[in-house]
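Chains here go by letter, A, B and C, matching the order in which they are written, and residues are numbered from 1 within each.
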């Protein structure tokens, strides 16, 4: 083109001003529920980080029978106390660490492992792909909860083992997600173009495939953290996860379930914590998905 | 078509072999042996060792695996280390409760979830859509067993309308059904909505409208049938998942299902029961997924054509 | 149901045009803001006439078509102003049920992409039959309708035996023939063809165009042919409207557009961008720049940022409307010429 017109300049300015990230953030910002979710999540993370400044760990674990079942709203015990006279709010505040750690940890490690296997599978195809796909399909036939429980049974009950079990049980899931994301990118012309130019495979994956496939993976991961927190709570609820007196939301429910008839608040608050955390993550994930893929909006 | 189904059934065999292998391998790591469980803590080490040898437990893992697989394909999943009863009998005794729970939850979740999903998609951004999305997302965010506890507190304890636990009558199942259908119904709603939104945007919907077709038929005949594939997938997967994944809910409502059988067995380190029950549930899952694949062919002629080529 | 149906085809007098669009304005309300999709356009189509609607992607051609057939996206699209008179009756005043009876029987539409225009899970026969069933005012028997399906399929050159097959078993050109059969099932008086050949191979394009031409002549149907291909328009149309950024910048008979010298600079640009076999062109001259962002249209003449003959007065106010015996051009250069005369 010999002449650059005003329209061209305008367009270029516009493109420079808003990168892809900026564009996504701009759309995400418009989604009020997603922003609410983000603030709730930030709040929960802050509580987790500052737990020791909010209330000392001792308050969360010290048993004092004379303080049993103080109703919520009482002085010094906003959420009341449990069957051992421990302050429920303190236990929730300190329990956030364990719950979030398991959730975020299992998803992060799961995505890294699943990401590597999934990208190999999706990018190379052929024999290695069908091997990986067959194996993941098979593992995914075992109900997730049961798989995690048997791994925990084999390894012994502890925070780390629950994390390992959840990670192992989840890897197939992430392989699937990443593989699907990679496959949707690999078919595109620009990957063919890069291949035709003789770009090395790992470089194509790193430079072209991952950046373009990362969107749906982030969305899935955000929501998966919530799901993992729920699962981890379930495992602790069955008494197979984190053991008392360590504060953890699911374990709190397990301890409190025998008293819920007379003291419903002992189960309400830990459950609300789990739900609110998962909800905030789901809202964020939903907003991210809409921001990344606006075609379903109108 | 028949050839495709036979081929798929044959493909299940290696899958089951791998599933049995994975589950037995994991459980083999568990510190437990039949001798100790059957004879009790006070038995002499010699007696325990003799018992283990008699039961074939002293054999190497691989030998036991092959024996187990041969037995499994004849319907013999071994005997419980605790009671000595055949595992298959224990599973069959527990299965009806699990099935009742799963089927009821599926019926409720499917009806409510799909109806709301369709309405939400048709009236996108209406009050109903926003409420439905908010409701489903909230339900999906809370642990099922906790929702169950809340329902017990409300309906059984405060209002006294329904029994809180046990399986005596169908009335006992109402709260467990509601609890279990929450997560499933929520995912059903979301899937139906997304899938409908996609198919409503298709050109053939415009073609149907341009013909002068009524909106109701456009939605039901054209959009819904095309939106059904992912919905059926979720349905199959959830049904399979509900058979085994309701351990926590079974615990809350004291339902003697397969899930609670497994958790009891895990606690007692009764490995044959854990392996047998897990493998049974995984088999149910694979069969359901096969059923889903066959259903595809009836929904979409393109998939049927692909199956016919086999 | 059938007694409520009104046969809109019957009540018209010979002289009124089949379609008379007056000062139509359509907007889309999206999350990105209000988009001016169609901006004050007018045109008429007489019986048996074909009008070409030419322009780039995003010029508002399809929006115009959707407004006429009443299928604008419900939530976002809105007709702000104007009238769409079909046989003298304003379609914008019709209820949804009345519009439904008009669609298919009086006005039909052929969509751009035959690959996606057919429902993949219904047989093609059923999809044609559907059209007939909806508008079966006379209460014909199933056999009669089936026979009509066979007849329609043979008319578009497909063996009636294939009606039990599904869309994926047909090629693109065949699918477009089926789409045409669906559109013509109830012998509408107005057919809107939205780029009916764009998605097809060049050889198939010609076949489909010939078929449409034959059917149109046979049935006496009027047609709006939406296209960005001036070649197709030259071959098939009696009238041409050139759209740019939601406006008709030039409107006239095929002769006005293809034979006369006076043109809108945009039309000139379009012509220069086509290779000509009879002239020794060194290289094609594209129109510089891009179509403006429809949510942020330029002041004055919408084309002025890209116009090689842009003048100061083009930057603001509405451009001059040149009108000579129905050949209308929306451009200030003609006001100047008139002053100079």
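Note that in this section contacts are C-beta pairs under 8 Å (C-beta built on N, C-alpha and C of every residue); 3 or more make two chains touch, one makes a residue touch a chain.
All of these numbers come straight from a predicted model, not from anything done at the bench.
Participant: Could you find the chain whose CA centre sits the greatest distance from that of subunit B?
Facilitator: C
Participant: Give the chain pair that accounts for the most C-beta pairs in contact.
Facilitator: Most contacting pair of chains: A-B.
Participant: How many angstrom lie between the centres of subunit B and subunit C, each centre taken as the mean Cα position?
Facilitator: 52
Participant: Go ahead and note the Å separation of the Cα centroids belonging to subunit A and subunit C.
Facilitator: Roughly 50 Å, centre to centre.
Participant: Starting from the mean Cα coordinates of subunit A and subunit B, work out the distance between those two points in Å.
Facilitator: 23
Participant: Out of subunit C, which residues touch more than one other chain, so two or more?
Facilitator: In subunit C, the residues touching two or more other chains are 75.
Participant: Quick one: which residues in subunit B touch 2 or more of the other chains?
Facilitator: none
Participant: By residue number and range, which residues of subunit A touch two or more other chains?
Facilitator: Counting only residues that touch two or more other chains, subunit A contributes none.
Participant: Along subunit C, where are the residues that touch subunit B in the complex?
Facilitator: That would be residues 69, 71, 75, 100-105, 108-109, 111-113, 116-122, 127, 130-131, 134-135, 166, 168-169, 179, 182-183, 185 of subunit C.
Participant: Considering only the defined contacts, which subunit A positions touch subunit B in the complex?
Facilitator: 33, 134-135, 137-139, 141-147, 149-151, 153-155, 226, 230, 233-234, 237-240, 250, 253, 257, 260-261, 264, 267-268, 271, 274-276, 278-279, 282-283, 286, 296
Participant: Given the complex with subunit A, which residues does subunit B contribute to the contact?
Facilitator: These residues of subunit B touch subunit A: 15, 18-19, 22-23, 26-30, 134, 137-138, 140-143, 145-146, 149-150, 152-153, 157, 194, 197-198, 240-241, 243-245, 247-248, 251-252, 259, 262-263, 266-267, 269, 274, 278, 281-282, 285-286, 289.
Participant: For a test of understanding, state which residues of subunit B touch subunit C in their complex under the given definition.
Facilitator: Interface residues on the subunit B side: 124-125, 202-204, 206-214, 221-222, 225-226, 299-302, 305.
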